[in-house]
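Shared between the two complexes below is chain A, which pairs with chain B and chain C, respectively.
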Partner chain A sequence: MITALRKEFLLQWRTRAQAVAVFVFGATALLLFSFAIGPNSAALRQHAAGFLWLGLLLSSTLTLSETFHAEMENHALEGLLLLPVSPRALYYGKAVANAIQLIALGIALVPVMVVLYDAGTTRLPTLLLIIVLGSAGISAPGTLYSAMTSQARAKQTLLPLLLFPLIVPVLLASVKSTSLVILGDPMSQATSWLLLLLAFNGIYWSLCGLLFDRVVED
Partner chain B sequence: MVPNSQVSRLDRVLLAGAVITGLTAMFLGVYMDAYLHEGISIGGAGTALIAATLGMASSVLFLLMGDGFRKVPLGLIAVAAVCLISGSYFGLFVAPPEHFMGDVQRIMYVHVPTAWNGLLALTFAFVAAVVFLFTNDFKWDARMEAAVEVGILLAFLLCCQGAIWAKPTWGVWWDWDPRLTTTAVLLFAFAGILALRRFVDDPVKRAVWSSVATIISYVDVPIVYFSVRWWNSLHQVQSSPSTVSSQFYLPLRLNAFGVLFLMTGFMMLRARVAALRLAAEVAPPPEELAGELA
Partner chain C sequence: MQPLAIDAAHLARRYGRRWAVADVSFQLARGAVMMVAGRNGSGKTTLLRILSTAIRPDIGRAAVLGHDLIRGREEIRRETALLAHYSYLYESLTSRQNLEIVGRFCGAAPAETTSALERVGLAERANDPVSTFSAGMRKRLSFARVLLQKPVLAFLDEPFGQLDPQGFQLVEQVVAELKRGGATVVIATHQVDRVAGFADVHLNLEQGRMIA
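Take a look at the complex of A and B:
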């Protein structure tokens, strides 16, 4: 699995222009959301958490749909599956790589959010934890679905179509807890949302790992 | 039409099973009800009676049709029509209007059965997906496709009925009620699975992937429900239907069985279509075409 992870990082490093492009896309999305609301700084601050996560979600489809791009060329996936390792290791390697990529993207988008929406916070460790759990929650089913859709027709449409309804709980919990971090949390509700994220991650990191074997077989 | 004498042994076993189950349900219901209420009322016994009558009616219909399983869905749909018509009659004309909501509440007689059966259809899809992944039997793939499609239809109807009920009751078409929201999410999740099936050409991959997606989406349902409920907890208190009066039971249950039979009939027909389509898809090209190609 570590080897699979290293391979992913090597590939990502070689195509780092892609990561920069995704970041610029996310930042542009954040900019566009503020045009949708209008120059009302109170309202913008109120909705900052939602915009951050929608920006991250939209960018995530770009990174996730690229996950199996390299494997689809020259039938490299079949070569990988012929290696004497479990496909599960391949899945976890890819999913962890995706999660780390999304976490980096999320961290990079936070300053953009702070500047554009005036939504600063001092509780950075909690915010970091939310970004880690939210990104992990997106990438666990996202990696599995991208394994399917990269081999299907109309892959660009299918991935968000399948993924977005599924991760409604992740989006809800992340947005809710992020906005509690930004706007203050008098009743300390953020913990329960973090627990929900944790539970979602637990379920999908195990379930998707189990099912991945069947998705890539033959 | 095949004459009645050609009813197979399996059909007879099924018929006997239906009659025995119906009678047992009836006696159990009467007994339970008498025990609980010290007297026979329409609640539990009524339901059991309806179940038994319908079970026997459908078995008789099944026998009369002969021709084995091919006519079962049509029989089910016919029974369903009887149930739904009588249920709607009782619901619209016999049952008294509800005290607070008045006639608006009568939509409950279709709404609640739709909800129960919609969830049942998607649960069946989940079961079919799991069975397919274990057995690789394409019969279960066809059943899953049918169940997902019928489940989506019911979920869509559920959203529409919910909106129709919400407008006069809450004053808005849509409220972020956990049940309503979960149904909408469910609708989109399973519609995505149907789209996936359309866009994958290899039948094996299509079956495996849509099974995997069905399992993943089905597991998501309770999580969505609880997260939306939590998200909305300050706003909407769940109503508890535990105090439904016995006058409301009859149309509710008639319709519930009606939708159940209708759904099962549709699912059987749709599964047959799916199986035939698959057979046509993997069949070798016809002789004359093969000659041309060569």
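Take a look at the complex of A and C:
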């Protein structure tokens, strides 16, 4: 899997300009959401968590839909599958690389959220943990669905249509726990939402790894 | 009895309603060079893709290097290499990076990447992205990819395509080297005259079926 992960980092480094574009897209989305609320700082702060995760989710579809672009260009994925390598290792390499990219994007969007929505927090380690688990929860099924839709003509449309309903629990838990971190958590509910995130990550990462070879093999 | 590299029985594969390969059965001894000839659309590529485990047959069975085509897919992939119509290369990566990826998965030493690039005459372009390569250079790099895999059984689909006369010589030399090393080589080609000289076995296909 390490070899597969190195390959992904190499490919991502070669297309790093795209990561900047995705961040700009996410930041612009956050800015537009703030226009929808207007100059009401209390309302902005209250909705900050939801907007952060919506921005991250919309940006993630741009990243995920391009995940298999390089693999399909010269049928490179088929070439890899014909090497002595497990399809599962290829999947986990790609999914981990996607998760890291989404985590980096999430971390980069936090200062934008703080500035636009006045939604600062001192519980940064917890916020980081939520971003890590939330991004991983999007990346695991996102990578699988990206493989499924990579050869479809309307992959940009098809991917969100398939992915969004599946990751509702992850999105809900991420928004709720982020909101509790920003607005305060007097009843200590964040732990429950984090456990839910952890559970869904366990399900997605194990199930998608098992299904990947059925998706990519003839 | 001489061990078999390929033992295929009634292999068939269809796309939609059309049978690309239909009822193909043959045996190939280890260390032999087999030429698969036929017109465009005769099923050469599909046959090679079935035998290299890129696709599954709809009907029939085969043992490749003693492993079942379906159940022993991983074992077959460990010992075979396919030079396909597609280059299997990453456009944004350099030729060296492309080979290093293959080398790491196959357990090849970094020095072997360099020697494979030298073998196909691309050492000077090792650090250039594949997107800047001509079709012939891509073919050479795909050849280096096959060499790096050190196959016991090599499937070469139209190996002469897009190559210059020096490239033709390179293919012939590599096939001779593989044969000397005990490897079995299956070549699908239109260049019948060029391959007939060194092929031990001929297989002719027409509309997916074997002909005499």
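In the analysis below, the second predicted complex is superposed on the first by the 218 of 218 C-alpha atoms of A that agree within 3 Å, B and C clash if a C-alpha of one lies under 4 Å from a C-alpha of the other, contacts with A are read in each partner's own complex, and residues count from 1 in each chain.
Here is the rule we go by: contacts are C-beta pairs under 8 Å (C-beta built on N, C-alpha and C of every residue); 3 or more make two chains touch, one makes a residue touch a chain.
What you see is a predicted model; the values in this text were computed from it and never measured.
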{"item": "Contacts of A:L30 with chain B and chain C, given as first, second, both or neither", "value": "neither"}
{"item": "Partner chain in contact with A:I182 - chain B first, chain C second, else both or neither", "value": "neither"}
{"item": "Touched partner set for A:A49, first chain B, second chain C, both or neither", "value": "neither"}
{"item": "Partner chain in contact with A:L109 - chain B first, chain C second, else both or neither", "value": "neither"}
{"item": "Contacts of A:L83 with chain B and chain C, given as first, second, both or neither", "value": "second"}
{"item": "Superposed model, chain A: greater residue contact from chain B or chain C", "value": "B"}
{"item": "First (chain B), second (chain C), both or neither touched by A:A99", "value": "neither"}
{"item": "Touching partner for A:V22 - first (chain B), second (chain C), both, neither", "value": "neither"}
{"item": "Chain B versus chain C as contact partner of A:S192, first or second or both or neither", "value": "first"}
{"item": "Touching both chain B and chain C, residues of chain A", "value": "218"}
{"item": "Chain A residues touching chain C - in the complex, by the definition given at the top", "value": "3, 6-7, 10-11, 14-15, 70, 73-76, 78-86, 218"}
{"item": "List of chain B residues in touch with chain A within their complex", "value": "133, 185-186, 188-189, 191-193, 195-196, 199-201, 204-205, 208-209, 211-213, 215-217, 219-220, 223-224, 226-228, 230-231"}
{"item": "Chain A residues touching chain B - in the complex, by the definition given at the top", "value": "141, 144-145, 148-149, 151-154, 157-158, 161-162, 164-166, 168-169, 172-173, 176, 192-193, 196, 199-200, 203-204, 207-208, 211, 214-215, 217-218"}
{"item": "Sites on chain C touched by chain A in the complex", "value": "52-56, 74, 77-78, 80-82, 84, 86-93, 97, 101-102, 104-106, 145, 149"}
